[in-house]
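As written, the chain order gives the labels A, B, C, D and E, with residue 1 at the start of each chain.
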């Protein structure tokens, strides 16, 4: 019985680790924001859950699996919200997903991923921002109260 | 192999260097405050890397467990105090930064110095 | 052996994040990175068997300080900073500093070797005497609250001063802002429509965070925890609520006067425990005279001062956050 | 445990007890009253501590009942008693003096926070002075620095904010350096109690860490004490802080860091590092000499009166550094007595400047012309202070200069050079004091200047003159100040009393 | 007298201060203020002079005020030198106040109250210097004297006076703190005490070359003795009104300087110890150099007061020279010359003041024939001049006689040569002016037809002139009093 539990938790842990690895690798390989975010959320949900379950099996009948379950529940709730919030903010602040139509082909050929803006040195960036008139992006209230400093609202795109 | 044991102290030294450099080289007030808090948290690393004992655990004495090696509690107490000192200084510095922004209109130290010199 | 591998990995990550903070020119990224910096630091502390410190660093370093930085950033609305000033002098001074330390630490005791002087002199006394004199499982809380209680008293007053400082600086809000007119109120809350999901999940999490804070407060004697961490956690909960619900609603939940009273009351409790032990014939902050039996006295003393510390830290963090957020409504 | 045994803890407990009360009860004028009451009580307790300490015995008070190396212990000897008396005395004088001038500089709304911060600053400084635990010094140093930042930022001028910011950065860097030094000391000895550190640091074989610890601690404290090259935060902080705050921090705050430097150098490093005197001399003498000349020269060419006095404080701190560097009984007595006397002199002078500022609405030397006739009593107090800076007899400055020159003469030819340096810099002091006197007494007020006719209000003038007269008293009867200082010097150097 | 000696010293010090307070209170009523000044002056004189009989009987009244530093206390002990200087200061204060009332009224100067207050404080400081028992108390009152005379020098308050008052203050404060203080502390660290003891306290406690350095530190440290490089403050102080110059030159300030130097030689070094130290020759050289050079400069001066200033520098170095010859006769000669020079110089200054008040003239060249207009003043002036030169009927002769006697005893030919040469130079710069004043016709019309100066000034003038004669006749009791210094 004990051996069976060990094998099972080892398998779970291994698969969890594999998920995390794939997620990390995905973040590296994916060309633009949304796909990259999809890969990152993979590690959050899948990988974490599998590893937690693996550990729970190791824990036996003490208090530890209960605590691990609580952590899982917490992660289960917060990580999708985090990914949603990230995507929402990106969309609101105007990051356009690269592929417009459904067919995969269009992805690499038809409209190359927008070249990553060459890193202008800070002073030119500051000058550019000062010269470009600050026009409120359409559809959003003009003056967002600055007090809600969560990740998405604070990023202002010139 | 011995040098690996001192790796904590080297990182402590490097973090101090980065913190101080950020403090001295950057003129933006918020950036300097971040540098300051990094400078302070490097010291936490120095104290806590002193308290580790091989094979020891956190100094919580359960009833049942016998001859368990514990980590040294004293640096942990000192660092609990130091963290709170760090956050208090940062909070005060940020409040001053906000007031400076309202009074001077900018948080770049060099621009502020020019304004003072003209005044 | 395992700890060395973990700490190697974590410390290198730490240095990388620090360099990233230094080099990034966008303040918002720098603040986010400093949050990650504290989180890695907390993980590092945990690897070095400092559970209490890890919890504190996580809550205060990653949680509260990032929120304060963002609050300040929102008010100063500076996203970028000017090009670096001459880099020779700072480079020279900081590398000299680093060189001196590295030169000195070659003689420092290796990480974790039990024969270091630090583990011979004062520490064994604490580990040996705590069960007997104070009978509290968590030795760190015992040392923090009782053996070096005077330090923690100083500590509470450092936090108290920070709160006073922020109130003195940002307390004076120009009157026309505070009277929130009806239109203004609606505008202040309606923009949450776009963030329905985080609003719902956030509101759902707040009670659990506060509950966890209280657990840490009263569980401080047995497991890692204590006044500082508990106060910060409760404050984190309240801050999350006012982030999600908007500053006005947040100030209705925990009104301004209440958090200031909380701050003053916490510090006052701590000192009055010290004075009480003086009145009862013991030394300042000597809890053993508080009850008939010294150990009970210690328990009572630690419980009360931990409550005091918790109140003060919670009050301070909430007051400072409200001071920053109330300042923002132009 | 009679009340008498509890005194060491009371001197700080009273202040810490009243701080939250002063913050909570916000009725009109209550915070100021609570603060003054607490500080005056603490002053009385400090005087009684000094009474016991003058007998030569050291009071050890175990906090929380725990024995020495394990718990925190208060260690009050002649030096700490003298410093506690100076701090609480300066604080109560500044508070009583500042009632009126603070009323219009610090609004009604921030008064509770301001006076609570004042109480905490005094508590922090006194806590640093009486504690016997190295880390505890750091904690109370943080309390006093944070509250000093708050007090300075309350200044009316917008430049108070930027000077507070610079003080925060340098103060925190200094405090962190001190913390690193204590960390290294803890690493090699395993304890934090200063007496225990002194005993155990001797047996440390790898001396490198102790040297680096000494370096860090000294540099950190030098930043906090505004010793010359690291003083850039001080002039602006003194100039733009509210006047009553300048009176207090000028008289007390920088001296406490020098106290800690003495305590750390003589109690801990003296008996561990072999030739620590040579290192101390090599470190402090050049700094002291630079401070003497740079401070006075900067003061001579300064237009703003408060910054002029701040630069003169930089040079006076150079005297104290020289005294410490001489590592002899007379030298140390001179340093300690000058800490006390300079507190008195500068306190009185800044009070006079505050009276001038109240009436003339400016502290620029040029438009204080004719102040000698318009405000005779205030200018007389300022002149008495100026003579004290020069070191004319019948002023406290003379006593400290007497001991410093006496100590320098014991050092042979290097000493003769030091004597020359000390005296040339006091002649520089003549120049910048006389510059102000000539403007005040012999120049007619400018036509467009606001005509000032009446003297400063009685409530401000009386404390000023009380401080000046105490100064003259300590110039004539030095049994208390020099008595305590020589006992302290002897105990620190291990010479029989 | 009715109260004991130590009380007398206490009263001698406090009466001038009470007087100053009285003057301050009576500021607005000039007549009352003047009477208060006079009564205080007279009272102080009586109190101080009452000590003379006890001194002549060999008694040394003492007053211990309290311990200022461990091992050092503020204490007073009257000995013959101090008695002489104290009596001189208090006595001449009366004359000076009479004179200054006339001068102030005649010239209607502004803020006279400040003048009288500082005057009273200066006198109290001078008496303090005279009666101090150790170098520390002397240093304290020496500094008080400097600071209280600053407002007097800067009396007019215009740009020129303030600048020269700055020179006055700079040099005096600079030398006293820069040189006198280290010398004093050096003596204390070597000898262990600072109290004046007959026969000196440095006997065998200090090696040969250091004695010279310490001696120079003292000589140049005591700026008031106006030895050559540090003499510039005296001509600079000429901007002050004449009663102040009289005070500076004749009554208090310079006398305090020279008095301190003599006391340091006699009571700190000790005559015999210093005599057989070869390095004491330096002081003789410095003194001679000062005498000769100052007389040469005096020759070229046209402004009357500057001429008198340079002649004072010369006369002071006489006293220093006499003290540094270290022979009993010359020590007595030093104290006698202090007295003689005081009477002579005060007369000269009063005359200069009277001429200024009456005819507003300051340059000698346009004072031809003034003798006819102001016979009394010019007569007194010539008596004073004769006393400076040392012609027999005046007091100057007596003191020069003693100094020459001392020089011959020690067969110090350098001193002899300078004395003779300087007497000739004195004659060279005084006599032509006197002849011109009496014999030549008036070529520069004075601003208004004037006769003599106001009567109080003339009365003071003639009184001091008579004093020089009285000193010539009754010098013996003073000589005996001073001789007590030398008996061990």
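Operating definition for what follows: a residue touches a chain if its C-beta (ideal position, glycine included) is under 8 Å from a C-beta of that chain, and two chains touch if they have at least 3 such contacts.
The shown structure was predicted, so the numbers you read here are calculated from the model rather than taken from an experiment.
In this assembly, A is the chain whose CA centroid lies farthest from the centroid of subunit E. Across the structure, the highest number of inter-chain C-beta contacts is found for B-C. Centres computed as Cα averages put subunit A at a distance of 28 Å from subunit C. Put simply, the C-alpha centre of subunit D and that of subunit E have 44 angstrom between them.
Residue numbers of subunit A whose C-beta contacts span two or more other chains: none are found. Under the contact definition stated at the top, the residues of subunit B that touch 2 or more other chains are 16, 20, 23, 50, 74-75, 78, 81, 85, 88-89, 92, 96-97, 99. The full set of touching chain pairs reads A-C, B-C, B-D, C-D, D-E.
Put simply, subunit C touches subunit B in their complex at residues 3-4, 7-8, 11-12, 14-15, 18-19, 21-22, 27, 30-31, 34, 37-38, 41, 44-45, 48-53, 56-57, 60-61, 64-65, 68-69, 71-73, 75-76, 78, 81-82, 84-85, 87, 89-91, 93-95, 97-98, 101-102, 105-106, 108-114, 116, 118-119, 122-123, 126-127, 130-131, 137-140, 142-144, 148, 151-152, 154-155, 158-159, 161-162, 165-166, 169-170, 222-224, 226, 228, 313, 320, 323-324, 327.
Those residues of subunit D whose C-beta lies close enough to touch subunit B in the complex are 135, 139, 142, 146, 149-150, 153, 158-159, 161-162, 164-165, 168-169, 172-173, 176, 179-180, 183, 186-187, 192.
By the touch criterion stated above, subunit C contacts subunit A in their complex at residues 25, 28, 32, 67, 70-71, 73-75, 77, 79-83, 187-188, 191, 194-195, 197-198, 201, 204-205, 208, 243, 246-247, 325, 328-330. Of all residues in subunit D, those touching subunit C in their complex are 1, 6, 9, 13, 16-17, 19-21, 23-24, 61-66, 69-72, 107, 109-110, 113-114, 116-117, 120, 123, 127, 131, 133, 135-136, 139-140, 142-143, 146-147, 149-150, 153-154, 180, 184, 186-192, 200, 206, 208-209, 211-212, 215.
Residues 387, 390-394, 399, 401-402, 405-406, 409-410, 419, 423-424, 426-427, 430, 434, 438, 441-442, 475-479, 482-483, 486 of subunit D are the ones that touch subunit E when the two sit in their complex.
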